[in-house]
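Pasting a structure below so you can have a look.
Each chain gets a letter, A, B and C, in the order it is written, and its residues are counted from 1.
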Amino acid sequence: MALLEMKNVYKIYGNVNSLNDVSLSVEKGEWVAVMGPSGSGKSTMLNIIGCMDTPSKGEILIDNVTISSLSRKQLTEIRREKIGLVFQQFHLVPHLTAIENVMLAQYYHSMPDENEAKEALEQVGLTHRTNHLPSQLSGGEQQRVCIARALINYPALILADEPTGNLDEANKEIVVNLFKQLHKEGHTIIMVTHDPEIGSLAERRVILEHGKLKNDCPNLQKVEVLR
Amino acid sequence: MNKKMMLQKMILHALFKRKSRIAVALFAIAIGTAVIFSLLSVYLDINEKMSKELRAYGANLVIAPSDSGEPFLTEQQFNETLAVLENNVVGAAPYLYGVVNISNKQLVMVGTDFSEIEKISPYWKINGIWVSDKNLDGAIIGVTVAEKLKLNLGDQFSAISDTTGQKNTFTVKAIVKTGSTEDNQIFVNLVPFQNMLQLEGLMNVGYISASGEANFLTEKAKEISNQQPSLIAKPIKKIAQSEGIILEKIKSLVYLVVTVVLMSTILCVATTMMTIVLEREKEIGLKKALGAPNLSIVSEFLGEAILLGTCGALIGSFLGYLFAQIIGQSVFMEAISFKFSVFLIVIIASVFVTSIAALWPVRTVVSIEPAVVLKGE
Amino acid sequence: MFLKMLIKSFTRGMKRKILTIVTIAFGASLASAMLNVTLDVGDQVNKELKAYGANIHVLPKMDTLPLEIGGIDFNPLSDQQFINEADLPKLKMIFWANNILSFAPLLETTATIKGSEDIKIVGTWFDKKLVIPTGETINVGNTTLKPWWEIKGKWATDDTNEALVGQEVAKQLGITVGDKIDLTFENDNPPLNVQVTGILNSGDEADGQLFVSLSQLQQVLNMAGKVQRIEVSALTTPENDLSAKADEDPETMTSEDFEKWYCTAYVNAITYQIEEVIPGVEAKPIRQVAQSEGAILSKIELLMILLTVAALTSSTLGVSGLMTTKVLERSKEIGLMKALGAEDNQIIHLFLSEALINSIFGGLIGYFVGLGFSAIIAREVFGNSLTIKPLVFPLILLISIGVVVLGSLSAVRYMTKVEPAHVLHGR
């Protein structure tokens, strides 16, 4: 059974179809890259999968739960339990330290656990920066905190919106390697990206254009190492 | 670390890691509280303080013998009436009148107690020095008397009583100007004058300056008249009633002013709080995206607001107390009393206002989809 | 382009702009209400203090000393000097004529009623319509002069045989409202028949007196146009060093001091002016009223000034705090403008222009709201309308512009010092 199932999903703003009859099914452990020009509906799709927005029409199932008919409160619960989010803008709480930002997700999920949060930061290679404020971290470090935060509650699905969009080459590589590792460990990743290089790392590429699913193909010439 | 500790940490960090904004908010709350604290303190004290000030108008109660019988009352009777008024007495002066002859001119001499006159008639304008109780030949003479008899400070004059014919010599210690009958009279100490008139222990009337409203005085006057049928106690309506009117006006003036200041201060504090919360729209969106239930976001901001409100109110109360003292000292030359109730009200009001002001914008932000908040860069 | 940015920043985020303007308006309304009330409170309270009655006595210059105990003069009437009744309207012609609120002439004698003891009879004005030389008509007399008088029945009318009887006299002689009584005078004066319209409760010596119309008493005593003294109620300025100096002798003052004193409504300036217009009289401040009035008035004025200072401080800090926050909130925008090559001055210019517009709007709204507040205070407390002080309007605009601009300026200057990259990357 697929982890994520989208059936004929529409999102309509006024008379613009941001998503137009999108159907997609993602298996557990898959790495899917969502690509396409800006304005094609990538972020909308991600927001809907992330339970941060609701479709106008159609059905979505995560782990066999139909989320398209849930109340906002229930959506919040699904998001908390099943989904880890990584943003292009990082979105860390500026007045909390790296470890506290990770613990914030634990706090809303269940119980803050300092050791576990430390481990998560260790996993992204930030052992030495646990007690720094976001303003004291570089962009890449901030994104790694963000990833640690996304991972902390063992989500079924990791959603990443242009995770490398705000990073320089060196940091980009670190973050990409992190995703590769996550994939290897069996995490399910859906990633929106502009970058064909990163897109080519995924097992599967989905291309959106004007809200319509244009192409959904397995990545045959999967490159192991960048550049 | 448990959930509660995390919440505490989050609140404390939100306060301490954002120093400049929090300083602004704390400042606004503290000053607002200070103003409210001092105004409330002054308002609650204004009745007592203004009442004291209005005693400047002089005696508001007169004790006289009732129509039947001798036109005198004894000093003992007078003292008993004072006991009825308890500690409301600001001053009480006996008056014994007699007509005397000085250089072939008839005029009115009054035996009294100068230290009491000083208390009940602060409006007396004295040129010279007050006569002490022990000075048996000292006299304060009215300005017209001084003019007509050509008497100056330090001059001696002898007065002969119309009734007893006894002759006494007095020295002018001061000249008084009031613009009323006192200008035409001579004041000496009660005891030598009683001796001169051979009326030991007696007086004609007693003037009392007592704090209290017209109704209170009327009541006490009745009580005195009932207790001692040979006496009549009458509030001096001109003074007692006017005092009531003036006090009422001043109270309502200060009341309205305090209300206006209160409203504006609350609004200023509230808008500052609202701005500070609105600024954190993104943070709220992020927390929602991380799966925070609305309730926990609300409780975080509530905790912050309560902490801010309490700290601000504590600092504000301290400043406000100081400010109330400045008002008290410069206007009434007296301390404004510290009232615990004001302190409580101020703390509660501050916490209430900051909480409402913080939760109002949180409520709107919380109801927006997190995606919308996070998107707008 | 500058204009466009300015307009954009207003139309965008209108909701938050409204919050700012509302706060400024509230601060300004508070300031304007307090200033209005404070500037007016002296006059208003002064009028209220008139409840204490006359503060000036006008007497004829006398050779003899009055022999008065408890309101009863033991000197025979024939020894006394008088003031001409015809001189009374002159009181409304002195420099401070407008400050003379009311006055009443008094002519006193004693009479017996049905063989009683001597009772003091006072001829006076109750509510006299007086035409003054300037052509104005004013109402003066005891009705306005003695607001604490309580009348059972109704006030007597001037120039009729109606009379008010003090409650002690009424009790003693068993007089009730509506009674007709004969007043028998000493010497050969004819008796006066009066009709009692009211019993007076005044709480002072007036309770033992009987009040009749001045003209009636003059007629029977054969003293037409003569009065013994005048009680005057005037609005005055609290005493100070200058008036104290004048108290000694106005003639010894420097001409500059004299002019200043003469043109200020000190009670002794008013008495001086009364003595100038009515020859042969002595006008004396009743210190019990005049002095205390000054004391109370200066207390209240000081109190209001302190309250105003408190109110101004709180709203100033509230508004400037808000402005600082508002600017800090837009740090990203400032960073971006700097990144695009904007000069610090250009940024400051833009923000200050915005602040200026905000403050003018807020100040204008606040002024009128504050006018409303102060009108409410004036009506509720003093029961009359507010005198609008023109000074307040520019003052409020200046204060609100000053506060808002200064509040923004410090924050903008701080922001322009920050490196754009830091702000843009949210550090």
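Following the convention adopted for this analysis, a residue touches a chain if its C-beta (ideal position, glycine included) is under 8 Å from a C-beta of that chain, and two chains touch if they have at least 3 such contacts.
These numbers come from a predicted model, not from an experiment.
Asks: Based on mean C-alpha positions, which chain is nearest the centroid of every protein C-alpha shown?
Replies: The chain sitting closest to the overall C-alpha centre is B.
Asks: Of all the other chains, whose mean CA position lies farthest from chain C?
Replies: Chain A.
Asks: Let me have the rounded angstrom distance from the C-alpha centre of chain B over to the C-alpha centre of chain C, please.
Replies: Chain B and chain C have C-alpha centres separated by 21 Å.
Asks: So what's the Cα centroid distance for chain A and chain B, whole Å?
Replies: The answer is 69 Å.
Asks: Could you put a whole-Å number on the gap between the CA centroids of chain A and chain C?
Replies: Whole-Å distance between the two chain centres: 74.
Asks: Quick check: what residues of chain A touch more than one other chain, meaning two or more?
Replies: Residues 94.
Asks: Can you check the complex and tell me which residues of chain C touch chain B?
Replies: So the residues of chain C touching chain B come out as 16, 19-20, 22-23, 26-27, 29-30, 33-34, 37, 41, 45, 48-49, 51-53, 56-57, 63-70, 74, 146-148, 150, 172, 201-204, 284-292, 295-296, 299-300, 302-304, 306-307, 310-311, 313-315, 317-319, 321-322, 324-326, 328-329, 373, 376-377, 380-382.
Asks: Can you list the chain B residues touching chain C in their complex?
Replies: 20-21, 24-25, 27-28, 31-32, 34-35, 38-39, 42, 50, 53-54, 56-58, 67, 97, 99, 105-108, 121-125, 144-145, 148, 177-181, 183-184, 204-205, 234-242, 245-246, 249-250, 252-254, 256-258, 260-261, 263-265, 267-269, 271-272, 274-276, 278-279, 323, 326-327, 330-332
Asks: Which part of chain B faces chain A closely enough to touch in the complex?
Replies: 1-3, 5-7, 9-10, 13-14, 16-18, 282-283, 286-294, 296, 369-371, 374-375, 377
Asks: Sort out for me which residues of chain A touch chain B in the complex.
Replies: 43, 47, 50, 52-53, 73, 76-77, 79-81, 83, 85, 87, 89, 91-97, 100, 103-105, 107-109, 111-114, 133, 149
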